[in-house]
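Note that the chains take the letters A, B, C and D in the order they are written out, and that residue 1 is the start of every chain.
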Amino acid sequence: MAHKHGHGRERIQFANAEDKQEFSKYPTKAGRRSLSRSISQSSTDSYSSAASYTDSSDDETSPRDKAQVNTQGSSDFCVKNIKQAEFGRREIEIAEQDMSALISLRKRAQGEKPLAGAKIVGCTHITAQTAVLIETLVALGAQCRWTACNIYSTQNEVAAALAETGVPVFAWKGESEDDFWWCIDRCVNTEGWQANMILDDGGDLTHWVYKKYPSVFKKVRGIVEESVTGVHRLYQLSKAGKLCVPAMNVNDSVTKQKFDNLYCCRESILDGLKRTTDIMFGGKQVVVCGYGEVGKGCCTALKALGAIVCITEIDPICALQACMDGFRVVKLSEVIRQMDVVITCTGNKNVVTREQLDRMKNGCIVCNMGHSNTEIDVASLRSPELTWERVRSQVDHIIWPDGKRVVLLAEGRLLNLSCSTVPTFVLSITATTQALALIELFNAPEGRYKQDVYLLPKKMDEYVASLHLPNFDAHLTELSDEQAKYMGLNKNGPFKPNYYRY
Amino acid sequence: MAHKHGHGRERIQFANAEDKQEFSKYPTKAGRRSLSRSISQSSTDSYSSAASYTDSSDDETSPRDKAQVNTQGSSDFCVKNIKQAEFGRREIEIAEQDMSALISLRKRAQGEKPLAGAKIVGCTHITAQTAVLIETLVALGAQCRWTACNIYSTQNEVAAALAETGVPVFAWKGESEDDFWWCIDRCVNTEGWQANMILDDGGDLTHWVYKKYPSVFKKVRGIVEESVTGVHRLYQLSKAGKLCVPAMNVNDSVTKQKFDNLYCCRESILDGLKRTTDIMFGGKQVVVCGYGEVGKGCCTALKALGAIVCITEIDPICALQACMDGFRVVKLSEVIRQMDVVITCTGNKNVVTREQLDRMKNGCIVCNMGHSNTEIDVASLRSPELTWERVRSQVDHIIWPDGKRVVLLAEGRLLNLSCSTVPTFVLSITATTQALALIELFNAPEGRYKQDVYLLPKKMDEYVASLHLPNFDAHLTELSDEQAKYMGLNKNGPFKPNYYRY
Amino acid sequence: MAHKHGHGRERIQFANAEDKQEFSKYPTKAGRRSLSRSISQSSTDSYSSAASYTDSSDDETSPRDKAQVNTQGSSDFCVKNIKQAEFGRREIEIAEQDMSALISLRKRAQGEKPLAGAKIVGCTHITAQTAVLIETLVALGAQCRWTACNIYSTQNEVAAALAETGVPVFAWKGESEDDFWWCIDRCVNTEGWQANMILDDGGDLTHWVYKKYPSVFKKVRGIVEESVTGVHRLYQLSKAGKLCVPAMNVNDSVTKQKFDNLYCCRESILDGLKRTTDIMFGGKQVVVCGYGEVGKGCCTALKALGAIVCITEIDPICALQACMDGFRVVKLSEVIRQMDVVITCTGNKNVVTREQLDRMKNGCIVCNMGHSNTEIDVASLRSPELTWERVRSQVDHIIWPDGKRVVLLAEGRLLNLSCSTVPTFVLSITATTQALALIELFNAPEGRYKQDVYLLPKKMDEYVASLHLPNFDAHLTELSDEQAKYMGLNKNGPFKPNYYRY
Amino acid sequence: MAHKHGHGRERIQFANAEDKQEFSKYPTKAGRRSLSRSISQSSTDSYSSAASYTDSSDDETSPRDKAQVNTQGSSDFCVKNIKQAEFGRREIEIAEQDMSALISLRKRAQGEKPLAGAKIVGCTHITAQTAVLIETLVALGAQCRWTACNIYSTQNEVAAALAETGVPVFAWKGESEDDFWWCIDRCVNTEGWQANMILDDGGDLTHWVYKKYPSVFKKVRGIVEESVTGVHRLYQLSKAGKLCVPAMNVNDSVTKQKFDNLYCCRESILDGLKRTTDIMFGGKQVVVCGYGEVGKGCCTALKALGAIVCITEIDPICALQACMDGFRVVKLSEVIRQMDVVITCTGNKNVVTREQLDRMKNGCIVCNMGHSNTEIDVASLRSPELTWERVRSQVDHIIWPDGKRVVLLAEGRLLNLSCSTVPTFVLSITATTQALALIELFNAPEGRYKQDVYLLPKKMDEYVASLHLPNFDAHLTELSDEQAKYMGLNKNGPFKPNYYRY
């Protein structure tokens, strides 16, 4: 199917209401990286301050209305401005410095081209880090077409740099919802090229192919999905017996979970609070709602910098961990009046209620590290008796009639997506996992994977980790034959049972 | 087979070599709490300095040769000295203060007597903490007979206090191997009483019943096993199709694992080193071999007190965690010359070799927090060119020909079993788990548990945790109906999927 | 010598070369807050990212050429744009929330107006925090005229807000050196008003009055000086017998030293590195040069977030502290090849040499937390074989011929002045100290202070601290009469001997 | 009244009541190391568990009544049992391993014998560490006679080892007060030998010489005093114009203060609590009274191990530090009901009152890390309605009528003197300082020191520190000529102004 665009700009639509509804039926109960699109609130998350260098030039022309050609003469892409390629290239090069795992994967696997013949269609955030992933896939033999999973997160210069090297990219910062689906379609629906692998973040691409191009879908060799939401959708498809393709859930691999949550949040909570409020942490009274990995990361960092932290929990096991780690476990209502900062990390909704917001003291900062934008009941603050004052980007003062101000960050959306950056190193772990998952699915012998959702084998998790050790100049010890035998282990791993908690 | 015993002190033996062999075939690869018996080295572990108040009086008469009667007129017990009961009672009362979970369990369940009809035979360390467990079981309606799982760990006064209240206890500190089996047999083999539940720590009691009293074994309603070794034996029995009884593996429950390993070792590494060597931690160079839960606990504490810690690891995932936590990951041979302290936490063997011991600097301290006594190649130190000098209890100087001294703690056995104490609070968690497992197995409806080995249901894990929260004055938050629905959770738990890593 | 000024914009000059020289003869050996002016490099320090909201509008007209009137009809001021007053007022209000010590000082002292009759001429950074100080002084009865101590640090909106309320302010962001002196002169030299108190930061105002208006200088009741450089100048004047006025050195008060250095740097090192490089701290190898208060603050924070930190020191006492705190003490050359980040905190020069920069690994980040811009030999990097690439504001990549990049922050100037913010709370401590020093000098009975430089009495240091405790809801314990007698202390302090180290 | 006994054994007495009174007039308000003797309570402190190996044999004969000869034929000593010399020698050798600073001082100074001609009479704790000091002094050329400053702290075996090598030692564990003065006299009053240097800890020896042998006193070249009490006495003598000898106050040197208090307490608080109560620190609510160096050390360690710590303070500056370090600052009465542990570190009296003891919860642990035995009002607990139960050495349960137990450690005396050990490394710092002070005073040119009390010059403080750096393999950086000039420093130090706070 070809379709025109330009001023005509056909609106791409689902054929019927059901399709539309199917999107909203997936709860966002998901997880913190869930960036659902469509009409959902969170699709308005601005992804990262790293994107902030992206020009906000006044060029108002839609990329769909521009005719652009790269220096190789190709126009099979749609980006903001192909001329920004050079700037984007430098960003990619900077990112490469912290993604040595992918570079080393390129080197190790380049001879054998394990992805030769792979035609990968991808839908992810388009950032310098993703570019390193895409160019790694290409170096390993794959052909790629790419689009963005979020309408705000695309780094235009990076998209340009990719397009310049010949990767068909369809994405720009500030897409409309219509643009969003149009871009996905342009990735999938191209003459003389049919995808046989899908790399998705959120499940939109997968859904589009499943719905619009069922014949393509059936011939796909594998799907790699990163997000909680996307994984949830895949499990539902599988349960419904409609998943005719093996899929790899890379969201739940250890390296992603522990690093993306515990370690990444340990750093980003400080960064997010500092960039928005210039708060001094020493001596501040902070309550962290939820002591899962995200909460643990936040608490560790805040305590280390001299904040006095207490915890709320619903799960007695996590609560007991909090106790042993030196945090008082309280109910939010018991302490709300004394707190300087309130941070939600629960994955739940209405964890901070209007009644509690009413009782906060003047100057209290409220933010969300959990997921989506449901944890703080922000809607309840949009009432006539309260005044909103935007004091900085991402920072609102909500002013009570008596003059009390509550400082709300990112309107209750994810603080670390909106107000801090995600370290390249963490993204490297995820990207490496995605690359390995693609290689595994593409090369797996017939029958190893059935029409189901799989976790990355532990051995590959360990391999991802091992690729990142050189960053730290870390030297792994090898088991002797005698020791391996004694432990009942293979010298090359896996080293732990599946249920190991790390 | 019937066999006599009593004053005659027949030596109790396995009927044939096979039986004997069966014991040694279980590798001690187990875990850190593995206290294997029989001729194994670790059965000589002295359990805890808490036991150190136990009298070392010169009464050399074997308890088996004494005629003792408690104040109720019963002589159905065999302890060191029934007159020590009062002292033991005070120890039990002190322990009760830190075991409020069991006390509260007594209160909650006492009305319904959930263990009425239970006839429990138990084989564990006999300490004040175990006494609190036993007396809780009795308060819940059970009849108990008890013996010791380790020939050195019995607190004689506590055994006396239990015997005085009417619990048939057969145990004393410093039993011979023959005594050990004799005591087990006296527990099981008594007229007019047949056990229907087994609580075991190490698997010896289970094995004895299985081998000697197969008819009893078949009628047992459930086995609760705490140790790695015992659990391993059960899984082997199950695999061989010989386990005709449901068994509960309490060793792998979250609360036990995380608390017994991470938190307990965090404290005991400092205590063990200090009590033996009076070392100052600040500025010491320490290498910790293994970054599992035990290693993590050790590293956290040592770093917090100013030691400079590095890590060895075989598993790249744990190694990457060590990096992110701020520890250099090295090979032991690279750093061995600089180290002030070497600590093993691997569960492996020969982690510290003679070659490495040769290269240590003068005064280097070497100890084992892992398991058993295999991690340090102590045997290699028993060679003629080296001089051993016992400088304190549990502390040997090994002196090289050039005068260099290496300080070996506990002869390479577990430092925290030999040289520090285990906090009552940690033991409370284990004891509560055991009590709940017994209640669950005894009351489970027909068919819930088959002839297999089970983990404690997560909900009961959570219950154990919740019983310990009042110790910390911790206040749990309850889900609202709306929140529970949003999360897809039952308001009373379980709150996490089984694979959750905590 | 009289000189004109006004719209004519005469260039203000020193009468002769000697005067000029006098400025440059003061070494900047000073300290980290030293912001020397004149032709010195550091006068180009951009003060704080908090100033970043300040408009960079294209209005190129010099404020000296504008005719502006505030709503009260006064034109006795010179700011960028009086119309920005409202925005500035909000910033001041926000700052007031974290400066409750000053607000409470206003309340406690307002009745008695302890500064009634004081005519204060001030020269400091002009920020929202300074505005809170100035308005406090006014509330206590003082008349104030104010100018900026740094040509870049003025927040134009705040200056406008002050001018709007009637405080004669002469300052704007981006002054020329000539503007700088012109503004100072306009503050001092006004008809019908003669300053009797000086509040200075850097010593320029003091010097100007001393040189140009000796008759005013002689009648001044007291000088309060905050900066290392200014204090140094005062001590030199005093030594030369030319200081005819009592002066208060607030730079060396405990509260300023410990808070401004230890605690403030603990937070700003993380913030400065994150905002410029988005670095992940976990597992990074960092060397911190210098283990004074600044170094201690940096090390604490970095270690807490998982960096592996080592130290260089010249002072064996500080080195021994570093050891006990768990940091390896090394020579820079021994470790330079392995480091991911190099931070200088010495107050010395050429601590990082070109030879060491040559040996750094690719991607190494180099920055300065010490003082001035001398610690890193930046000049040596401005050589033809190296390429400089500005990748972000305050971030340069220096590229070696072989492609190696070193990441230089703030061109070697102070990282926390250039790339992070200073928490209002810390500024509050300094401002409160300044206010108390002014009150003390203005009200001191004849003879209490001679023509010398004084430290704030310990009791007033303690008072400053006590005014800040309510921020933390901290409750001080009072000595009983019996206890005070036992300790030989006055119940109201001072509580420690002067030499106490805290 | 004269009375005879033993070999002469005249009872030594002060000539009159005044002398006696002079002793008691010195308040023990001193400091934590103050071990006053005579009838004072603290002379009953048992010094350290390291002394615990000391035999408690039943040999009841007073050493004064024994005739002992060492292998060299000398009988100029009085120790418990000269035959224990070999065991003591080993202890000294072990101590030498951690006192490499003294060993290296021996090596550096041995050629020139800087103490040749020095006749030192010493009065200190007699431990393996002191022996290393004494033997260092001898190696440097001094002749020494030694006695004990505390009637309980002598390690008999060490005293024997010293006597065996020819050092006249007069000391044993468990001396009477009469023995105490007799030993001092035997040290001073010997034929053909007259002391020209005094090394004292507590001031008793100094006082004795001053009172009894004024002619000796006048010819002494210098006194080195370590204790707070002794230093206090010297300042009083000086003030009274009676100090005719230069004296060195080594108590207030930086290395001693910071290490002995901050770092040493950081470790000993954990050790002392663990050895006495086996408490688990994780999650415990602890209040620390006093946030000086001792309090800071305690809080750091407890927080690091997961305790939840709050602070009481009278000094707002220390209170503000506590806030910034992340501790809530409270009044004791506000929190006393919730606390699990109460620790005093104030140097004050009645910091914990009976009223507060009454309100503690069951099982609360109370102990003193401050000084003397005044901080907890222990006397108030010796009342009829309360029952005391000694449950372990140094551990009492005080039982209220309702059954509540408070756990009192060391009867309110210093926890770390009574229940934990002092690391050799810390003692090494003090001993090295003492040795350097002796060398300095003995060799100082006429006129450098007058008849006054001096602090060790900063340069020597730095030298002490530098001698301890090799223990940590720490490498000091040297200033270049250019840097030294820039900083205005001598390349060899001193590196800091006297008021520097470290």
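By our rule, contacts are C-beta pairs under 8 Å (C-beta built on N, C-alpha and C of every residue); 3 or more make two chains touch, one makes a residue touch a chain.
Nothing here was measured: the structure is a model prediction, and the numbers come from that model.
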Applying the document's contact definition, name the chain pair with more C-beta pairs in contact, A-B or B-D. A-B
Counting only C-alpha atoms to place each centre, which chain is farthest from chain D? A
Averaging C-alpha coordinates per chain, one finds the centres of chain B and chain C separated by a number of Å equal to 59
Chain B to chain D: how many Å between their CA centres? 41
With centres defined as the mean C-alpha position, give me the chain A-chain B separation in Å. 43
Chain A, residues touching no fewer than two other chains: 263, 282-283, 305-306, 323-324, 328, 471-473
Name the graph shape formed by the protein chains and their touching pairs; answer line, ring, star, complete or other. complete
Touching chain B in the complex, chain C uses residues 282-283, 303, 305-308, 323-328
Residue positions on chain D within touch of chain C in the complex are 27, 29, 252, 254-255, 257-259, 263, 293, 312-324, 328-332, 334, 347-351, 374, 461-463, 465-466, 468-469, 471-480, 482-483, 486-488, 493, 495-496, 499, 501-502
Write out the stretch or stretches of chain B touching chain D in their complex. 50, 53, 90, 94, 97-98, 263-264, 266-267, 270-271, 274-275, 278-283, 285, 301, 304-306, 338, 362-363, 391-392, 405, 420-421, 423-426, 471-473
